[in-house]
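What follows is a single structure, and I will ask about it in a moment.
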Amino acid sequence: MDYVQAIVDGLLFGAVYALIGIGFTLIFGVMNKINMAYAAASFAGAYVSLGIAQVVGLSGDFGLPPFVMFLVSAVAGGVFAYIVYLICFRFTPDHYELASLMATIGTLLMVDEMVVQATNGEPQNYPEVLQGIFDNPMLEFSEEFAIRGDLLTLFIVAVIATLGLLWVLFRTKLGLATRAVAQQRMAAQLCGIRVDRTNATTFVIAGVLGGLAGAMIGAVVGTLLQSLVVIPLTIKGLIVTVIGGLGSIPGAIVGGLMVGAFENVFLAIRGVTERDMYVMLLLFVFLAFRPQGLFGRVAVRD
Amino acid sequence: MLEIKTLSKHFGGVRAVDELDFTVRQGEIFGLIGPNGSGKSTTVNLVTGIFPPTAGEIIFDGRDITTAQPHVTLDAGIARTFQNIRLFNNMTVWENLWVAQNSAEDKKATNLLSRWMGGSRKAKSQVEEYLEFSALADKRDELAGNLAFGEQRRLEVARALAAKPKMVLLDEPAAGMNREEVRALDERLRALKARGITVLLVEHVMELVMEVTDRIAVLNFGQKIAEGTPSEIQNNQAVKDAYLGTSGD
Amino acid sequence: MIVKRFYLFAGAAAVALTGVSGTALAQKFDREVHIAGFGAKSGVVRSFGVNTEGMMRAAADKINAGGGIKLGDGKMGKVVVTFYDDRCRAEEGISVIRRIASGKFVVAVGPTCSNVAEPLFGILQKTVDDKSDSGLQFPIFTDTAIKGGLAKISAWAFRNVPNETEMYKNLFAWVKKKWPNLKTVYGGVEEDFAHSRFTWYKVMDKQAKAAGFKVLGRAKWLLADTNFTTQVRAMKKAKADIISISSHPFTLCGLLKEMRRQRVKYKVLIGLTSSSSMETLQGCARQAKGIIIPTSFAPVTAAAKEASAGGAKYKASADLHSAAAWENMMVLKQVMESKGVMAKAGTIQADRRKIRDGLAALKNTQGLIGSIKRHKSGEATKPFVYVHAQGKEWKILHDPNK
């Protein structure tokens, strides 16, 4: 029965990995480039929300309710994403393929270090998801199996965010433009779509999702610790994106849930030291046998 | 309408377009022909601003668009189709047209949301019109990638139209079409002319070119070797040499 | 005219003032005594390094305010503290100590982490005057690294850390007496941290059994872990009366939060000495309520309160580890004066030897909450009290000395 619990917990937490994966894959889909600084900008957003809450609050208590903090984090994530877009994509030379990749890696390292300086490398408490509303709610089905209230809330929020994104993509002209640029960049230009504006907007949307994901991870774990969060989640996000297929949103969703469940099951079976090893093994299996991922794009672009 | 003056494009040592000179008059159907590699597609790319020329000028409707980028040329009123079809394959026929629907009305929309989100009913009804024009109304919800070849070509032309251009550049629209489809294309080109849209037609299918164009320019090795009416071109020795000298179409 | 005179006057005043203050400083101290501090200033245990540094600086301020250290030739020496980050890693610690030893420092206080202390002591000379031993001849006076029995590794290593065996033996016996119907214990241990690991297996487990409790099992995790679901589920099933957790504030809080989530029931909660710090209360005051920890520091005497206040100026909080750093500074002053340390560029190695010999000869030192006994092994026996978490502070639960 422990396996069921581990899988369910993992799936619920995997929703956050899915959000991060969606962010990576969105940007790859539209610009054919990987934004290595994505998770960093997202967590910077979470730290900003924390900073504001600490300033507003009195003596250690959080001055803002959790959902407001999520909102602040999402907005901050969007802002940082836009800055990353400007620095690493808009103003880097187009003909030098590696320029933007190098720039994003540099930005990742810089933001990581900035967070260390700002927090002195210490773990920062983050309010729990339902703090102030419920006190550690658990849906207990039996002695062997229970669903954590905060994990469930996290999952629901992630689902809502994803649905929101899909609505934007498929029901608005902005989303249409984004999909057009992703499919045929030149033709989109010739249809009058401002590609750089579309890309910037895509970045901001991805950043908003990322900021939300960062805040939720902080809320569920209870602390934000830079060394556990920035680079490890960049790597996990990339793994999810690769497993799901670069450029595919359904792939990122499935990939995220998969990695979450996988990780948690192996945590339960083999313990913390080996857990990451098995996630890497999963990645390796995919790279070896299905490198395009679950839903990898088949069409070749011009 | 369109003036090309001593236009040149060099790619390294290769002179894709070499001091090209011709003028397309408003409302006419102008043909651009020549053997493979003579610089026809490059010329179209230069006009629409995909890349800038090495030398020369491009004047459209009195405006200098020599170094203008694609969205600027589109604003100026030029639309184009591609040699290898570049439809948005994962979108429906309707959506493909809707993307191109960039009417002046939309641009002036004071409500930002409307610009990004909805689009007016008028704009949407215009898409219907284009669907009718290219006889694709019954395929409106089909994914563009699933259409038959001829239908895809029609969609491409329709998409170019949706931008409400003053001039359309068609890059080998008849390629791979059978007799019937070519005839249908012929009719549609005339319909465009009737609406007052200027057409620059890059083509290899000679019957179509000779039938439908008002004037023709012939390119070889990036240079213009002849210009005139279809009958003049047919009897031009230099043109015959060019086509016989190379492997032709 | 008036302007010119004003500038002349101002200039003269400025010169006079600098002259006065300059000579005043020069008159106060003749030379500088350099003391190094080193510990973890990055990562999960960063707060320990920060606190130690703060307390060392506060102690230096107090010493200097009282005139400084009286040197061997009657002159006064100003205490100057320099602190280094060893990142709680053995290689860093060793490289840091080598750097310190090649400089002008006469003694070092540190390290924070037991996994640094152990190999570090190993590179020191084992026995004094052993010509065949090329180990480092540099005295180290440890404030924090607490894993049992390390000082005997070298004659140059001294520690002012509490004896956990003593503390937990006492605590479990007291618990048994106070709540006689409690029978079982379940443990929790940070497996990858030398201190916590040693303290569970060699101290808590052993002493719990010695006091007559049955140890039902223990949960395991790593220093930087954040997910405790599996471990807590096993803990809940065990239904023990007492839960004894050997881990530092970061994972302690994570574990306690999970225990609360899964509604684990217990009668008594016991923690690791190092977790009797502000960090625990800042991280999880609610979940940690009532946790009992034996500690060798609490602000119960005037001296202890003074040290607390001093550290606060440097944003350091006083707990059993950082307060030991303060105690170390005071002891070093005492030793340097009694041995006549010279603090000259040419006497550095001689000074180091004097300090080592002085520390080795000590039988007692004055601690902040009572007298500390020193042993030939280089270890100390410190007085201790039990504190328990009550909201935003640690309150004294029981003083076994009374």
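By written order: A, B and C. Residues from 1 in each chain.
In this section, contacts are C-beta pairs under 8 Å (C-beta built on N, C-alpha and C of every residue); 3 or more make two chains touch, one makes a residue touch a chain.
The structure presented is a predicted model; accordingly, all values stated were derived computationally and were not measured.
Taking the mean of C-alpha positions as each chain's centre, the chain lying farthest from the centre of subunit C is B.
Nearest to the common centre of all protein CA atoms is the CA centroid of chain A. Chain centres here are Cα means. That of subunit A falls 42 Å from that of subunit B.
Separating the CA-averaged centres of subunit A and subunit C is a span of 40 Å. The centroid of the Cα atoms in subunit B and the matching centroid in subunit C are 79 Å apart. Touching subunit C in their complex are the following residues of subunit A: 2, 5-6, 9, 60, 116, 120-123, 125, 136, 138, 146, 148, 221-223, 225, 227-228, 264, 267-268, 271-273.
Within the complex formed with subunit B, the residues of subunit A that make contact are 171-174, 176-177, 179-180, 183-184, 186-194, 299, 302. Residues 41-44, 46-47, 50, 220-222, 224-227, 229-230, 233, 250, 253-254, 257, 260-263, 282-283 of subunit C are the ones that touch subunit A when the two sit in their complex. Subunit B contributes residues 48, 50, 69-71, 74-75, 79-80, 82, 84, 86-91, 95, 98-100, 102, 115-119, 145, 159, 162-163 to its touches with subunit A in the complex.
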